[in-house]
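Some structures to go through are shown next.
Shared between the two complexes below is chain A, which pairs with chain B and chain C, respectively.
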Partner chain A sequence: MTVPMIAMRAVGKSFGAHQVLRGVDLDVAPSEVVCLIGPSGSGKSTLLRCVNFLEPYDEGEVRIAGELIGYDLDSEGERRPMAPSRLRAMRREIGMVFQHFNLWPHMTALENVSEPLRRVRGLPKGEATDRAAAMLRRVGLADKAGAHPLRLSGGQQQRVAIARALAMQPRLMLFDEPTSALDPELVGEVLEVMRALAAEGMTMLIVTHEMGFAAHVASRIAFIDGGRILESGPPRRVFHESAEPRVRQFLQTYHDRNAF
Partner chain B sequence: MDWDVLIRYAPSLGRGFLVTIACWASGCALGLALGFAVALAAGARSLALRAVLRVYVEILRGTPFLMQLFILYAGGPAVGLRLSATEAGILGLGLYSSAYFSEIFRAGFAAVPRGQVEAAMSVGMAPWDILARVRLPNALVAATPPIVNTLIVMSKETVVLSIITVPELMYQMQTMAAETFTAFDAIFAMAVFYWCLVEVVSRLGRRVEQRATAFLASRA
Partner chain C sequence: MRFSVFSHSFGYLAHAAGVTLALSLAGIALGFVIGMAVCVARLSGKPWPERLGAAYVSVFRGVPLLVLLLFIYYFLATVGLDVPALVAAIGGLSLSSGAYQAEILRGALNAVPRGQGEAAVALGYGAVDRWRRILLPQAVRISVPPLINEFILLIKASSLVSVVGIAELTRVSMNIASMTYRPLEAYLAGGFFYLVINLTLAGLGSLAERRLARGA
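== the complex of A and B ==
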């Protein structure tokens, strides 16, 4: 069996007295697309952010292609924070796309994409610019290279953000509700880019409320509530055959809200 | 107005003006650098360090500049710190203004959305690059107007240096007034000098502000 791209074992996380994640196990194989769904506050985003250690987990393990992220184990098995430079090296391989895009507003679309290539990959300016331009073409924004984020629509900003992450040539991509902040009309263009990415074999872990997208693109759906994965399986099983009452209730509410 | 007196004293007034500008510029450069460092260090994990910096800022903001200058110039030798009047003046202005600048930088850094820093962390940028390329350019959007404002306030605070005999503009004016009994002319001329200085600083400041916020102006 191949080593999973992401392997989470008994991951726990608390904010003060509030326990957000309670012993989560989740594997994502190379080229697999896993969608995390569940009610707000269920811990899905926190779980996603544990994968690149933007959110330090307190218990359990998160391994990226077999390597533990965030902590080092000493000879007695005690763990201590990982050296910052090694954590950065691991993060380089993990692309992340945020709900609110998080583009750098003082840089143009092109600079947003080329900046990490120059600072982190150490590419010379010309090469970084060429690669960034190619990435913008790939997400259909070649004509917006010189525009600052504030001049772009939400959908365009999110596509630039995807280009920024992809330009680093990551081994996997994390998406944290990538379409939740968008006008309904702009959701499609972002999902289209993500669909193409999935088709190319990118490993993806996606927190989303887009059930249609999840049903069509995901290899697997994991339903989270109260910091636990209550159901996990192929879309068909989770969406149509789940025996878990919480899952059925959540999907029913979703259908009622979206029916007209 | 006694123009003869003003013309006769023009060279010393001019020298005083240059000393004022030199003290102001080097004092504020020191203050900006110190203030920036204090603001950065104030984000440190260590509670003790943060408490020390808090006390530093509160003392420098909470006591009169004149008093700080006296302590530095007259009290310095007691702890082995022998400074000329001008050195004490520049150091004093630097320390005093650093308290204000640090608060401005602190507020500027606090105004940078967390998500921008997280985006930089997620691609593996080093802390230094995140500071130079993401945090600082964004912080300056909020920080530039109050920085310019404080530079202007400090340009006028330089008159206090005359009291510890720094040969700046105020000091030269007082000398002229004492020697020629032309108090009104002296004060009037001084007002013109300072006003010119402030005008130049605020114009330059506006230009810097426009550069720092240029990307906001491109909003659709």
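== the complex of A and C ==
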């Protein structure tokens, strides 16, 4: 069996007295696309953010291609924070796309993509610019290279953000509600880019409320509520055959809200 | 109104305005370096730098500049440190301004959305590049208007350095007033030079604001 790209074991996380994640187990195999769904506040974004240690988890293990992220184990098996340089090296391999894009407003679209290539990958300026331009072409924004983020639509901004992450040539991509902040008519263009990425075999872990997208693109759906994965399996099973009452209730509410 | 006072004193006042400007610019520039360092210390997330930064702001914002200047000039001399007047003046101005600039920059950094730094962290940025390339450029842009404010205040406050014997604009205006017995003309002329300096600074500030805002 191949080593999972992401392997989470008994992951727990608390904010003060509030326990957000409770013993979560989740594997994502190479080239697999896993969608995390669930109600707001269920812990799905927190779980996603534990994968690249933007959110330090308190319990359990998160391994990226077999390597524990965020902590080192000493000879007695005690955990201590990982050396910052090694954590940075691991994060370089994990692309992340945020709900609010988080493009840097003081740089053009092209600079947003080329800047990390220069600072983090250490590419010379010309090479970084070329690769950035190629990435913008790939997300259909070659003509927006010189535009500043605030001059772009939400959908365009999110595509630049995807290009920025992809330019780093990550081994996997995390998406944290990538379309939740978009006007409804701009959602499609972002999902289209993500669909193409999935078709190319990128490993993806996606927090989303786009059930249609999840049903068509995901290899697996994980339903989270109260910090636990209550159901996990192929989209068909989770969406249509789940016996878990919370899952059925959640999907029912979703259908009711989207029916008109 | 005797207009000959203006023409006779113009050269002296222009020279004194140069002194004021040079002192203030030195104070502003060193104050910016201090302010940046103190601000980074205060936001470092490490207890000791945070405490030291907070203590710095409390002390140098809490003590009047006049007292600070006199302290630097006289007290240090009594413990055997003979500080030249110019060093005491620039030292006092920059130490004081540094405290204010630190707070301006801190406020601006807090106004940069959290996601900006997070995006850099997720991409594998180290702390230095994250600050230098992502956070500070945005904070500086936000802080241009309050910084210009602070610079103008500093230029006006630089009149206090006359207490350590430096012939800057206010002191020279006073001298002209007492020599000519025409205080009205002398201070009118002095005030005019302050106004020119500060309007120029404000103009440069708007220019910087516009340039930094391009595209944003």
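Keep this in mind: the second predicted complex is superposed on the first by the 260 of 260 C-alpha atoms of A that agree within 3 Å, B and C clash if a C-alpha of one lies under 4 Å from a C-alpha of the other, contacts with A are read in each partner's own complex, and residues count from 1 in each chain.
Keep in mind that, in the parts below, a residue touches a chain if its C-beta (ideal position, glycine included) is under 8 Å from a C-beta of that chain, and two chains touch if they have at least 3 such contacts.
What you are looking at is a predicted structure, and each value in this text was computed from that prediction instead of being measured.
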| item | value |
| --- | --- |
| Fit or clash between chain C and chain B when superposed on chain A | clash |
| Contacts of A:A222 with chain B and chain C, given as first, second, both or neither | neither |
| Chain B versus chain C as contact partner of A:M211, first or second or both or neither | neither |
| Touching partner for A:V11 - first (chain B), second (chain C), both, neither | neither |
| First, second, both or neither for A:V120, with chain B first and chain C second | both |
| Which superposed partner A:V238 touches (first chain B, second chain C, both, neither) | neither |
| First, second, both or neither for A:V190, with chain B first and chain C second | neither |
| Chain B versus chain C as contact partner of A:H148, first or second or both or neither | both |
| Overlap of the chain B and chain C footprints on chain A, listed as residue numbers | 52, 54, 84-85, 88-89, 91-92, 94-96, 98, 100, 102-106, 115-116, 119-120, 147-148, 150-151, 161, 164-165, 168 |
| Residue ranges of chain A touching chain C (in the complex, touch as defined) | 52, 54, 84-85, 88-89, 91-92, 94-96, 98, 100, 102-106, 108, 115-116, 119-120, 147-148, 150-151, 161, 164-165, 168 |
| Contacting residues of chain B [partner chain A, same complex] | 113, 115-116, 118-127, 129, 133-134, 137-138, 141, 215-216, 218-220 |
| Contacting residues of chain C [partner chain A, same complex] | 113, 115-116, 118-127, 129, 133-134, 137-138, 141, 212, 215-216 |
| Complex contacts: residues of chain A adjacent to chain B | 52, 54, 84-85, 88-92, 94-96, 98, 100, 102-107, 115-116, 119-120, 147-148, 150-151, 161, 164-165, 168 |
